[in-house]
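First the structure, then my questions, so here it is.
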Amino acid sequence: MDEPKKRHWKTKLHDIIYEAETPTGKLFDVVLLITIIASIILVMLESVNSIDIKYHDFLNISEWIITILFSIEYIARIITVKRPFKYITSFYGIIDLLSTIPKYISLIFGGVHALAALRALRLLRIFRILKLARYLGASNNLVNALKASRAKISVFLFAVVIIAIILGTIMYLIEGEENGFSNIPKSVYWCIVTLTTVGFGDIAPQTPLGQFIASLVMILGYGIIAVPTGIVSAEYTAQSKSKKEPETPKVNLNSLSCANCMAEKHKDGADFCYNCGEKLHQ
Amino acid sequence: MDEPKKRHWKTKLHDIIYEAETPTGKLFDVVLLITIIASIILVMLESVNSIDIKYHDFLNISEWIITILFSIEYIARIITVKRPFKYITSFYGIIDLLSTIPKYISLIFGGVHALAALRALRLLRIFRILKLARYLGASNNLVNALKASRAKISVFLFAVVIIAIILGTIMYLIEGEENGFSNIPKSVYWCIVTLTTVGFGDIAPQTPLGQFIASLVMILGYGIIAVPTGIVSAEYTAQSKSKKEPETPKVNLNSLSCANCMAEKHKDGADFCYNCGEKLHQ
Amino acid sequence: MDEPKKRHWKTKLHDIIYEAETPTGKLFDVVLLITIIASIILVMLESVNSIDIKYHDFLNISEWIITILFSIEYIARIITVKRPFKYITSFYGIIDLLSTIPKYISLIFGGVHALAALRALRLLRIFRILKLARYLGASNNLVNALKASRAKISVFLFAVVIIAIILGTIMYLIEGEENGFSNIPKSVYWCIVTLTTVGFGDIAPQTPLGQFIASLVMILGYGIIAVPTGIVSAEYTAQSKSKKEPETPKVNLNSLSCANCMAEKHKDGADFCYNCGEKLHQ
Amino acid sequence: MDEPKKRHWKTKLHDIIYEAETPTGKLFDVVLLITIIASIILVMLESVNSIDIKYHDFLNISEWIITILFSIEYIARIITVKRPFKYITSFYGIIDLLSTIPKYISLIFGGVHALAALRALRLLRIFRILKLARYLGASNNLVNALKASRAKISVFLFAVVIIAIILGTIMYLIEGEENGFSNIPKSVYWCIVTLTTVGFGDIAPQTPLGQFIASLVMILGYGIIAVPTGIVSAEYTAQSKSKKEPETPKVNLNSLSCANCMAEKHKDGADFCYNCGEKLHQ
């Protein structure tokens, strides 16, 4: 008998979580955004020893509050979605899960702070930042340009690695162990540092010949930085042109998400999901 | 009876300050420009201990001369403008005020040099450099391109920050405190230093695995620098094209500024302000 | 009498080595790829002292296995190719030979590890990485853009060198030996480090005037990095446009290689080499 | 009576020096090119103490030979040119003179090596490298693009300087003397080092707040490097387009130089100078 009522309650919750147009939906989004950012700041502050010692209890309690909020969000998403398993195994589902479990696990191994594995596990919470990806999305043009030039950029980066390995070996031969180029991997590392114009300076050539080769590496790196830029620039120009020309009639897409298949970006006024045919506003 | 005369005097002053076409207007501009630059150099030199000790009196007197000049300019602008309050609360009004008061306040707290707050206040004078912004303006094309690509560049920089936080945490885990990555904020700072190809080298990875991850970060940074460049480049090309095509009849705009609403860029020959209808040449 | 049979055997081998479409050909490619990468990693690891001491025998045996595999590949290529001399003197032929001989030579001068010349010779094996170039190829567009802008980039880099020499001499004069600018070549080296925005920091200006000139050098370097980027970007855009416009009918090229002249990229279905007329599938 | 003969001799010399098409003209160019490069290398080597001590006499004699060669070239140019005064006061005339006198002056103040002024004077010889500018020239497209975007790049660099001064002052306030930001000019210098992504690391922020501001500076610098690139890229594309469209009939320009006004780039077959009307081949 209370089935329809319960359904109604689920639908309402679904609208709050997945729709950004309603006031409560907006509020949910803002609260979630703040919670995510606060949680990232917490993880970062916790790693600062002096702060951790001073405010340990405050940080711990805040962390628990955030973990519980994320747990509620995770459970609410599972309940309101039609195919929970699909959500759980989706990218966002895994991120949402990873945002909560590290704290619970740290509860089990409570006292053992020093364990490196546990420390790594606790830091997994930093991936909560990927929850922010839900709020990005918009920049299709850019992503398309990057996708279109992915193959070329891969070839370019592959060529950079080959150059770095060859020049790194030559530098290892010229400079040798006494000047910090203690083995080929380290020389290749130095070469990448130099080619990419980063230039830490923790290792630097000391011999005149080494400095001459280094100059060539730098000028090479300075010159070839033009290549990926040229590629992305050209592809991006192509993208915005091809997008401009046909001038498709603009359609407003809302941020509603289908309760069944989780597809987003439905047209305004659409009553059924374009992806699975599920009714959108129950 | 002397009202009309006084008005005439005000109008003259207004023309000197706000019009750049008349000889006195030009002279005013040049003197102001030199005073601003001299004042910036003064603030900078004052911060050099050895110079401050040697030439303290000279610097102090020069600073007073400049402060008085700027005070006169500020008062003159208030007098000649029709709606002084609007000027005072405008961007330039605040900058003009900030250019004078620090020196007066330092007079009140004369002897107390060591106060950090007072030192900060004195350095506020550096913002006088923004008075130079009045002389820039011209590059509309560029500003439009930047405005058009603002949203995309924000998304890009946001993505850079997310990458820096995740990679910074990973580096913190790998390198740890003993190699300078003493906490996550510092690791994230290192990651930004590396991604942006700045590479100070005050912190540098020491472990082979850390150096390997660092290499990936550098190649990533080297690759994604192409993205903002591509965006601005494409938008700028689009800007200059769309500007070229309609070929609007060129109109000369003068640098006269309306005495009432302070709107600038009136057409040559215009008698009334396009913005508020006020007569321009009284 | 067994001539036709032998020929058949040779043809089969040729197909395995030079054709990537057949299953055995694909397998050969994958095995070769893995062997090359493994061999590069071996050379790099061998240069790390701690690893070399611990796993010396394992590295040595692996190196011998790889050397023998490469020797077999080299001999097989000579046998199956119609004009062996042409292959031997080609770029890939020399690389393939250089991939094997260093190990054999190290056998002759077995005990003498310390010889610098021998050490250099052993490191020649790093050039095996160029065997990977066979797997690149695809990015014609990019290579064309680089070729088209080669002359301009040369002029640009030449100008960079001239600027570096002049500014390097000036910095040598200003900073002098006591601040690390011990001679002009070193100053020029510093100038290239700075102009290319690498900035090691092993040498850095200490005098105020030197830091002022350095600032100019940096801003100059920051500004002129736009030049090669602009060139490649424009040429690349031109390349992709001119390629787009004629819209040639697409033809699938296969990776078959002519047994006679080694030309690649034959059209699908072609029976004779487009370059020398040799029958392709014997 | 020997006037015509003498003139003939002068014309011949003029052709050798200014024409690059004749065999002797080509030889002259090659010899001059080698001499210039050799002379630059000499100046650089001379500054290396260990080399100077060992090969002082050799370097000195070589320097004298080069100086005498350049003197002969300078005199020959004066003799063969119709308006010697115009040549002497031209850019190349001054460079040619500066290439010879430092050595002669060092002869006068022979023994006094330590004089800083004399040392600076000797280094003037490095400007001989500008003699190479005669061999560049070709890249008109590039130069035009740079000229067209000069105004915009100036505005951009001016904005960079303003940002550097403001952020430098803020960093001076935050970090203070104890962390290397000992005065505002030094802080501004650090800010330019960081904004341009050079990053020496001789000065680096130590306080968390300073590192946070530094991160903003770096991301800002990483973002705005796109601006000059975008400008040059767009202008360069525009340049090559406007050049392509009208498709002017190609005319071969030779490298002959007018004996009277020194104008270059005459059309093949031209008998009179396009600039002054002087007969070209006397």
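We just call them A, B, C and D in the order they show up, numbering each chain from 1.
In this section, contacts are C-beta pairs under 8 Å (C-beta built on N, C-alpha and C of every residue); 3 or more make two chains touch, one makes a residue touch a chain.
Here the structure is a predicted model, which is why all the values come from computation and not from measurement.
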| query | Of the pairs given as A-C, B-C or A-D, which one copies A-B, with over half of its contacts the same by residue number? | reply | A-C
| message | Among all chains, whose Cα centre is located farthest from the one for chain C? | response | B
| If chain B and chain D share one sequence, what is the angle of the rotation that overlays their CA atoms, in steps of 5 degrees? | 90
| query | Measuring from the mean C-alpha position of chain C to the mean C-alpha position of chain D, what distance in angstrom results? | reply | 33
| Chain centre separation (chain B, chain C; CA means) in Å | 47
| By residue number and range, which residues of chain B touch two or more other chains? | 156, 185, 188, 197-201, 225, 229, 231, 233, 237
| remark: Listed in rising order, the residues of chain C that touch chain D in the complex are 151-152, 155-156, 158-159, 162, 165-166, 169, 172-173, 182-185, 188, 194, 197-201, 204, 208, 211-212, 214-215, 218-219, 221-223, 225-227, 229-231, 233-234, 237-238
| In the complex, chain D residues that touch chain C | 40, 43-45, 47-49, 119-120, 123, 126-127, 129-130, 132-133, 136, 138-139, 141-142, 145-146, 153, 156-157, 160-161, 185-186, 188-189, 192-193, 195-202, 225, 228-233, 235-237, 240
| request: Within their complex, state which residues of chain A touch chain D. | output: 197-201, 229, 233
